[in-house]
Structure formats: C-alpha cells, structure tokens
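Each of the next two complexes has chain A plus one other chain: chain B in the first, chain C in the second.
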Partner chain A sequence: MARTAVPVRGGPAVSVRPTPTRTSRRRHRAPLRPLLLLAPALAVMGILLLYPLVRVVLLSFQDYTLANVVSGASDYTGLRNYTLLLRDPYLWTVVLPNTVVFAILAVGGTVVLGTLVALLLQSLRPLSRTIVIGCVLVAWAMPAVTGTYVWIWIFDVDRGIVFQLLHGTGLLGAEGHNWFTDRVSFYAIVVLNVVHHGFPFVAVTVLAGLLTVPGELHEAARLDGATAWQRFRHITFPAIRPVFAVVTILSTIWDFKVFAQVYLMPGGAGSNAQVLNLGVWSYIRSFAQQSYGTGAAIAVLLTALLLAITLVYLRVLFGSEELR
Partner chain B sequence: MGRTRAAVSVFAAGTALVLAAATGCTAGHQKPTLTVWIMAGTHPDASAYFADANAAFTESTGADVTVEFIPWGDAHDKFITAIAGNTAPDVAEVGTTWTPEFAAVGALADLGDMGWHPGAHVPGLVEAGTVDGRLYGVPWHVAVRAVLYRTDVFEDLGLEPPRTWAQLRKVARTIADRRPELTAFPVAGGAEYPLLSFIWGAGGEIALQNPDGTWTSGLDSPEAREGIAFLTGLARHDGVSSTGAVTWQETDVQDNFTDERVAMAVLGSWAPKAILAANPDLRGRLAAFPIPGRDGGYSPSFLGGSHLSIFEGSREPDLARRYVQLLTGDEYGPRWAQETDYFPGRTDQLAAFTGSTDPLVGPFAVQLSEAGKGLPVTPAYGRVQGRKILTAMAQAILSGEDDVEGASTTAADRVTQTLNEDS
Partner chain C sequence: MTTIVRSATGAARAGAVAVLLSFTLFPAYFMVISGLSAGAASGTEVLVPVRLTLAHFEQVLLHGDFLRYLRNSAVVAIITVVGSGLLALFAAVAVARFRFRMRTTVLVMVLVVQMVPLEALVIPLFLMARDLRMLNSLIGLAVVYIALSLPFAVWMLRGFVAAVPVEVEEAAAIDGASWGRTLWSVLLPLAAPGLVACSIFSFITAWNEFILALTFMNDSDKFTAAVGLRQFFGLNTTAWGPVMAASTLITLPVMVFFLFVQRGLVSGLAAGAVKG
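On to the complex of A and B.
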C-alpha cells in the first residue's frame, strides 16, 4: 500500500515510501477512535450474543450429554447429529410442516389483519384513533405466557367459552370436544393466539408508514376514478413497501421460533408428539433428554432456515439491484 | 509479553500464598460451614424445622449450616449447572429419580460405608438410590399415590371402596350414571404414574434388564396391554372420565377435585392437605383407599420421595455425613414426615403410620408398605421420562388416534431404544 506513488492528502505529493509524518500518523490513528467508542457495546454483544452463538454451533458437532456438562470434556462427532436429524422422518412429516405451515398462516394473518387495522386507524379522527390504538396495544403488551393461558381457557374442554357457546347452541354435546389433541385444531388455536398477539405491532408500524404517503396522490387517483383496492395496490403499497418488508420479515422470524405458545398448550411439551415445532423440539431434545448436541443442531437448522427465508424475502421485496 | 505473563503468575502465586497463610491462621477460630439444599414448593414452610435441626447440629459438632430452599421446578437445572460449575452444596435433598442420573456422572459420594442397614429403609427407595451396588442416596421421605374419593358421594349412592378392578369399574360407572355432573374417575392423559399402577397391577413391566446388561421393554406384553386397556377402557368405553382429561396432567386432576368436580382419582399422599387448604368445605368428606389389585389385594403404586445425598466435591465430607444422620435420625426423621405429610423413609419409623385410623393417612401408608414399587433403576430412565413416552402412548389411545396394541408397540420400541442408547 505504501509503495505506490499516490499523493497522501496534505502530505508531500510524491514519495516512494512516505515517512510517518504527523498528518499520516493522525490518519492511521483515526480509525481506531470509532472502534474504541464502539468497544463497550461490541464487547457486550460479543459476550451476550456471539459467544452463545458460536457455542451452539460447536455443540451441534458434538455428542454432548449431562456427563459432558460435568466433566467438561468434548466429544466431537462431525456431522453425525445433522445426518441423524435429516434422516429422521419425524422432522419431515411432523416438525418441519408444523413450523412452516404455521408460520405461513400466522405471518399472513398478522400482516393482513395488521394492515386492515392500520387503514381503519388512518380513517379515524385523532381522539377515536388514540382510543383504538390504546385498545389494540393491550393485546401487544400482554406477555406471551399470559396470553397463551387465556387462549387455553377459552378453549377449555369443560368450562371454556367456546364449549359453552357451542353447547348452548346445541352444536356440541355435554361431553365436549378436546381441541388440543388434534394437530390441526391445536395449531388453529396457536395461530389465533399468535395473530392476536402480533397484529398490533404491524398495525402501528404500517400506520406510521401510511401517514407519510402524500394525500395528493390519493386525491389524484380518486379523481381518475380508482377504486379503494386500486389505490391501495398502486399507490399505498408501492409507497410503503419497505415498511411491509420489515414487518413481514420480523413476523416471519418471530413466528418461526414461537416457543411458549406451543410449549404451554396441553400436550405441547412433548406428550403429544404430533404438535411439536422446531423450537420446542430443540428445547425438549436439549433439556428434557439432555442430548444437548442434537438440540443445538436443531437450533442451527432453524437459524439456517430463517436466514435463507429472509434472503429470499429481501430479494423479492426489493429486487436484486436495490439490495446492494 | 512473556515477561508480563511471568510477572502476573508470580503475583498470583504470591497472593495465593498470602491467602493460604491467612486462612491457615484463622482456621483454628473459624467454624466450618455446611451448605444444604432442600427442595421447596410441595411442603409447607420448613424454616422452623431447620432452625431446630441446625441448632442441634451446631451444638454437637460446632459447625454452622446454611440451608437454601430450591423450588422443585428449577431444581434439576440448578443441580446440573452447580455440578458443572463446581458449586454444588455439601448435602442436598435429591428427588429419587435423579439420584441414579447424578450418581452416574460422578457427582455424588458413595454412602455405602456409612454403616446404613439397607433393611432399615423402605426397600424401593434404597433400590432407587443404588447404582452398580453402591448407595448414593439415603431415603429421607417417601410419597405414594392411592385413590382419593368423596365419602359423601359414596354414602349417597350406597357405594363401598372397591377391592378389585371389576368393582372399581362398577363403582365408577354407577357414579357416572347417577351423578353426571361429576367426573367419576378421570383418566388423565398427561399423568404417567396412575397408568403405571395398572400396568404393574396386571403383572406387566415397563422394562427389564437382560443378563447382558441391555434392557427390553415389557410395555407390549399381554399383561401390560391388559392394564393399559383396562384403564383407557374406563375412559373410552365406560365413559367414567371426561373429554378434557385426555390432556390433563396430575395437577389438573387435583384442581378439579378441589373444585368438587371429581368423585375419585389417583392422587398423591401430599394432595389431601393441599386440597383441604384450597377448599375447606371438603373437610370430613374425603377419604382414600389403596389402588385395588386386579382380583383383590393391591396394585403397586410408584414410590416417590427424596434421598439425602452428599456431593463429591464437599470439603467437609465427615460433617456432611453426620448431618445426614441427624436428619434421618430418630428425632428429626419422623418430625420431618409429620410436618410435611410425607412418610419417613425408615421402616421402623413408618410402622406408626400404617396403623393410623386417619382415613387420609392409613390407606396411603398401607399402599406404601404393601404395594410400593420403583422405576427401572438406570440413569437412562430419566430420558424415557424426558421423551414422555408413556404419556404420549396414553394420549394416543385416549384420543382415539391409535389402539392399545399399536400404541403400546410404538411405546415399547421407543423405551427399549432409549434405554439402550449408550450415551
């Protein structure tokens, strides 16, 4: 680098090997300062995020059980955890479909409902808008654990509101129906729970985007006779596409790794093998069965899947040239 | 760089020396301290008990004791991280199903040379604390399940506690018929221990060890299937359970019993106290009977409870042993049982309970001493429980997803495979 004859800014114009003048020394020192300022934050992130991440990846290549936790010894087995997992029909017939189909339905439901609520909010007067936002945010502020138990109670076999409603209208006998044993109805409840918990975030974010769209565009389109759907499709959506990209990607990431909403449901902690998803399966393999290596491998698979999906999203939503 | 490191190590060594000298000086004056972990959450406040026991211990040995109460729910994780991080206590109450697991990884001290008489303790619990012929946990207290029932419902319908499976079925059907607002006998899909009683009661076994050391599950044997079919049949064909019970856990059974929605159910000896505390109206309307045998006698019930164990890294192993002896001794052993509604782990102390006329104590004590049984003693059994193989089988049958034959074959294969995994 220093052997070229490029003039150093502010230094001697031509020099084959520049001597370290005061200016060039300052130039060398300069990049260090931002790094130093960033160091505390980077150190915290390194300890809290990077170290566990690296550890999980390393664990996924080991046969790691309680005995290893105690002795501290490592037992590397190469790709064995991964080949066993990928050959397990349980992954392909139960866990992966549960995770993916659920995420598609939940993300779709969250984004559509959230957008509709945002459009509603946009058309409201400030006072009523504040009231509606307040109500909507209650659903968002509810902790996932609390929300999940509320949904479990709603669908309680003997005393739930749903049972009383269906029984009252004569659609269901006194013996009731157990919604938690069947995979489809189990996940229908999880979708309700997650959409209910997730749509306020989408609504508020999309509303913020909507408020930036100039009113003249809509006015002009209205004059040209565009319907509400056409105005949304051709004006609103293109204008706030990045907002949709963000809420979709974030929802996808959240919905792929839902844990409490499945684990806390009756049978969701393992006694109903038909309803596990990748996150719960990873937890049960690691901590209930103390097969930490396999659990880590599942977690790595989940992360890889999420990264791949996020990349595809970015390409589709922004086009390849905008990515750069 | 090299010089810096050398300087650092010299400094460290110097500090260590100074510290060692300092501790050496004070050792004569400072009292040794024992750290003890006791489980919390299933029994009432135990601080008075430990205040007395620790005062007695300090008086006789001069050593201090610090007792830490650990909630059951977090205890397993806490033990594992403590074992890994070398911060385990000197003495701890360890759940009987965990003792073989911790012993197998070398975390517990062999207690065999402490002069225990194996015959003096409840045999099932000694068995549960023994790995490869060595004792790693001294039975401290025992808990067992039997059938808890509502005496007012039984009197009202003119029913007697059943003594055989056929009678149990008849009683349950009568209640379901005459008192439709009650669940006569819930068969909870998420509770494995009641199911075990009926498998054992029919002569089946979860798993047996072969002469070559491998394990074979007996869940697909005709005997085990008979027990599984009887219990699940009560729900599927006799209608004495409920649709909701398919996904109930034992805590749900207890909650519904407390709410007076259940007539009889398999529950633990610790349950009556909690039920009466939550619903005092039930006082005088509760009693228990041992789980009936198929054709009379009793069906075995899982012997749960706790061991007292000493951790391998303890710095005061002799004091730890004396502390274990104190807690299991003649004074503090029975007192612990009395205050917690458990049963003492020593057979001589247990005798006082078996003769009890209390309808909520006597039947449990009879169940315990006449028909208590342990799980297969192998560190791998923890993984069978972790994989929820038995409850998955029960739920598949109860929800109609699979029949007894299919579900028991699947479960047997999974148990055999799990127990024979080398890691």
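On to the complex of A and C.
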C-alpha cells in the first residue's frame, strides 16, 4: 500500500482502545452467531489476502510466463527461480543495496527527525502546539502519488526550482544536472520524499509517549546536573522504549516496500536498471517481462525479509521476557 | 541573565518551528501554487506567483478524461467504504462481544495479514482477477480494497464496540428488543464515531492506492485518478501546471478527511503505541 495515513501506509498493528475484559463474558446461548458475524470478513480476507499469499509462494516454484497465463497450466521447476535469483549479481550489487541502504537511511531519518520534532512540539504552548501539529500532518496527509510528482517537479532537470536556484547562484551550469539518472541522487530524492511523508507519524506518536513521562523525573535529573542529552538518553528513551519500537518497526516495514515513490520517478518504471528496489523489480519482472515465477520469487524474498526484520526488532527492542 | 537565556532559547525555538513549517508545508504549497500559476513554466516563477489563474484546473476538468478518473476513484472509494464498514462492524461485534474458540487466533491472523507487502499480493491477485474476468472492473478493484482495509477497520472498530457498556444492550434486551434490533438501534449509534473514522481510513486507502489500480486497469476509461495522473506526462516535456492542478484535486479530499480524523488518529495511535 502507498505510504499515507496510518492504514493507508499499510496500517499499524495497534488497537485503538483497550478492551475492557468484562465485555466478552456472555452469550453462550447463540454459539453460531459470532461465527456468522465473522464469516463475511474472514471470507473476504481469506480469499483476497491469505490465498494470494499462498499462491505467490507456489508461483515462485514455477516457471510461470505469459504462455501459462493463457493456458492456465502450471510448470513446477522446484527451487530454480530462487537459485537463479540468488546467483544473479544484479540482486546483490543493485537491488538489495537499493532496498536495504535506502530503508536504513529513510528509517533513521524518519525516526530521528520525528523525535526531534516531537521534542520541539513538547516544548511549545498548547495552542501553538496544536497549530504546528496541524501543519505537520499536512505532509502525512499528502498521497504518495501526488507527493512524488511534486518532488519530481521540484527536481525537474530543465525548469525545476532546485536547478534554477543552483544555476542562479552559479553552482550549476546552464546545461543543468539530471538528478534521476544516478542512483545515489535518485535515492536521495526518494529518501527526502519518504522522510517528509513519514516523520509526522513518528512525531505525533513519540509526542504522545513524551507526554506520559512524569515531569518530576526530568526535574530531579536537572537538579543533579544532567545535560539535555543525558536526560533524553537515561529518562525519556527508557520510559517510552515501546513507542520507539512501534514507530521503528512500522517505518521499516513501510520503507522496505516503497513502490510508487520509486516507480513514478523518471527511470523508476524499468528504463533505468540501476534504481530498482525489490518491490519494483518484482513488479517489472512480472508485468513488464511477463516472468511471473521470477517476480513471485522476488516478492517472497521481500516478504521473508520483512518478516525476519520484524522478528529481530521485536526481540531486540522488547527483550524476550516482555515479548512472551 | 536568565531572561537573556530564556529569550535566546525562545528565539531558537521560534527558528526551529519556522524551519519545520517551511519543510513540512513546502510541497503542498508548491503543488497548489503551481496549479494556480499562469506560467508554471519554471519553478522560480511559480514560487512567488505573479499572476494567478484557474486555467489549469479548467483544462484538467473540462478537457481530457481527468473528471472521469476522479469519478472512477469516487465510485471505487464509496463501494470500499460501505463494504468494509459493514463487514468490519459485524466482525468487530463478534470479537468484542463474544468469546469463542479461535478468537485470539482470528485477531492475530488479522494483525499478521496486514504486514504482507502488496507487491507480493499483486501477482496472484492479477491472475485471479484475470481468470474471473474482473480486470478493468471498478467493482473488482473495490472488492480487493475492501479486503485491504478490513484488517485495520476490524481492529479499530473492535475498540469502539468494546467501549460501549454491555449494560446498555442488556437493557434493550430486557425491554424486548431483538438482537438485530439491539445491534441496529443501540450498538450502531454508540459506535458511530468509530464507524466514521474507519470509513475515512477506508476511503483514503481506496483513493490513494496505486499499484493494484495500475495493474488491474488497462482500459483508460477505467483509470482511477492516481493512475490517470500519468496520462499528463509527455514523452519529453511535462506540462507541470495541469499536472499540479490535477494533483491538487486528488489531494484535497484526502487532506480534508485526514484533518477531520486527526484527533482520533493521534490519540488512538498513542493509546496503542504506549501500551506497546
């Protein structure tokens, strides 16, 4: 999913309100009723989310091309897609670095900027805090597609504002510079786009956490002569570690699978092979080159990577006893 | 001495807020102003516009197919909102009001399913839609969006339904209301704020979605707005005025709805996040 509002970016796994335990204690006389109520939702999710997940794994073991799409026959080749994929230097030198390095930079940027903004918001008076939050949320509300087009326009080669400012100050010649061909500058723009879009979520979530930390703790530390950094490191951070865990995990999941932000950029839809990430590569192998088996194997790789990262994060950040 | 320090930190804070606001608002400002500028031929001309005009909006809405794309998006979004609202409400009542075997399993499954990247689902979903002759169908696309927005909607509505005191329902039952009547006349109005919030989230999901709409809709008559935007791009040059005007039209409803649910969104996220 595109990276926009909470559910829009893929939906965070947080329950909105705690369930009072007493509410689910009754009604044993209609045992079928809950199942009937659940059935439609479960059927829709099962058919359109769970079954496709199984099918993509099955597809990844097949040599599934346009011929198979037409005939409907399957052509199992075992692990061939995976061995070819893992032996492909393109994966190791281009696609994986693009995905992983980008995600590290984007998650780091999003969480650091979001936390700094949260600390700034905390120091503001309520009225100005509300106004600034409203403005910050505008960046989050912007759809990924239109946001990406705005960044392309800003960095437009001939008439973009960045070119004109650099040209005006003499830093860049009249011939300009194509920011979209080189993969470093390409991904610098994607990072800018994704951090700009993602930091409001981190800011408002961390702010909510900050407001739960008792002021007395900071007061006491200040009397003991602790610096601002020491107070953040030894009081704030431990107190709201779960909040950081949540925003980091969600940002990581979202940033590993950015699609529109890469695909819509000049060259991102396949014409520039240097700038693809796992998601876009999978899509292009499947739909532009009709090699659905290979595309599925790449997609499974991406999913497995996301799963592994989520598990590692949960262990590191929560500790095993808290995870249960 | 302290007043000097205080005013210095105050100035630093004001400076930080100014930098933050210009960073966060610039793309939105630049988009709207580019859509409104007569020239829109170069970035710096647009930055402080000399002449404002609605010509680009007029061109986008009256000529070409963009109005149709917006209508397609609206149709898909409305079907998604109604469908996922209804299914999520039923499911939320089931998990919030009943205790049954597999209840926890169902909740965890719902949670796990939304971690799956869309890039992994798009291939099998495309093949399914193709087999069912549902490509280029607005309803087919909406049904997939219902599935996408359901996990979050169920989780969210579950909290709202659980927050309604059971005693209210029991009172209605004692007064002789059937269970269906209780659901409709008692539970639904009380959980309405949750349903509104969840409808808005489903709307935004459907309205913004790109990869599935790109894959499913090959017929340009059936493009959604997010996909139709690509039509404005020429081979070599791009008319940024119309592109930004169209982008503004796509962004506006999302912006309005988003700011509308902002309070519930922030506190809801916080409640979930702080609990870890």
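Note that in this section the second predicted complex is superposed on the first by the 283 of 324 C-alpha atoms of A that agree within 3 Å, B and C clash if a C-alpha of one lies under 4 Å from a C-alpha of the other, contacts with A are read in each partner's own complex, and residues count from 1 in each chain.
Convention: a residue touches a chain if its C-beta (ideal position, glycine included) is under 8 Å from a C-beta of that chain, and two chains touch if they have at least 3 such contacts.
All values reported here derive from a predicted model rather than from experimental measurement.
Touch criterion not met for A:E219: it reaches neither chain B nor chain C. Of the two partner chains, chain B is the only one that A:N178 touches; chain C does not reach it. When the shared chain is aligned, chain C comes close enough to touch A:A141, but chain B does not. Chain A is touched at more residues by one of its partners, and among chain B and chain C that partner is C.
After overlaying the two complexes on the shared chain, residue contacts for A:V69 are found with chain B and with chain C alike. Of the two partner chains, chain B is the only one touched by A:G267; chain C is not. Once chain A of one complex is fitted onto chain A of the other, the partner contacts of A:D88 are absent, as it touches neither chain B nor chain C. Of the two partner chains, chain B and chain C are each touched by A:D156.
Shared-chain residue A:V246: touches chain C; no touch with chain B.
Taken together, the two complexes place residues 69, 72, 156, 287 of chain A in contact with chain B and also with chain C. On the side of chain A, the complex with chain B involves touching residues 63, 65-67, 69-72, 156-158, 174-178, 180-182, 266-267, 269-274, 284, 287-291. Partner chain A is touched in their complex by these residues of chain B: 77, 80, 83-84, 101, 104-107, 180, 189-190, 239, 242-244, 246-249, 261, 382-383, 386-388, 391-392, 394-395, 399, 401, 423.
Chain A contributes residues 1-2, 4-8, 10-20, 22-27, 30-31, 33-35, 37-38, 40-42, 44-45, 47-53, 55-56, 59, 69, 72, 117, 120, 123-124, 128, 132-147, 149-151, 153-154, 156, 159-165, 168, 196, 200-201, 204-205, 208-209, 212, 240, 242-243, 245-247, 253, 256-257, 259-260, 263-264, 278-279, 282-283, 286-287, 292, 295-296, 299-300, 302-303, 306-307, 310, 318, 322 to its touches with chain C in the complex. Listing the residues of chain C that touch chain A in their complex gives 13, 16-17, 20-21, 23-25, 27-28, 30-31, 34, 41-44, 46-47, 87-88, 90-91, 93-100, 103, 106, 109-111, 113-128, 130-131, 143-144, 146-156, 158-160, 162-163, 166, 179, 194, 201-202, 204-205, 207-211, 215, 226, 229-230, 238, 240, 243-244, 247-248, 250-251, 254-255, 258-259, 262, 264-276.
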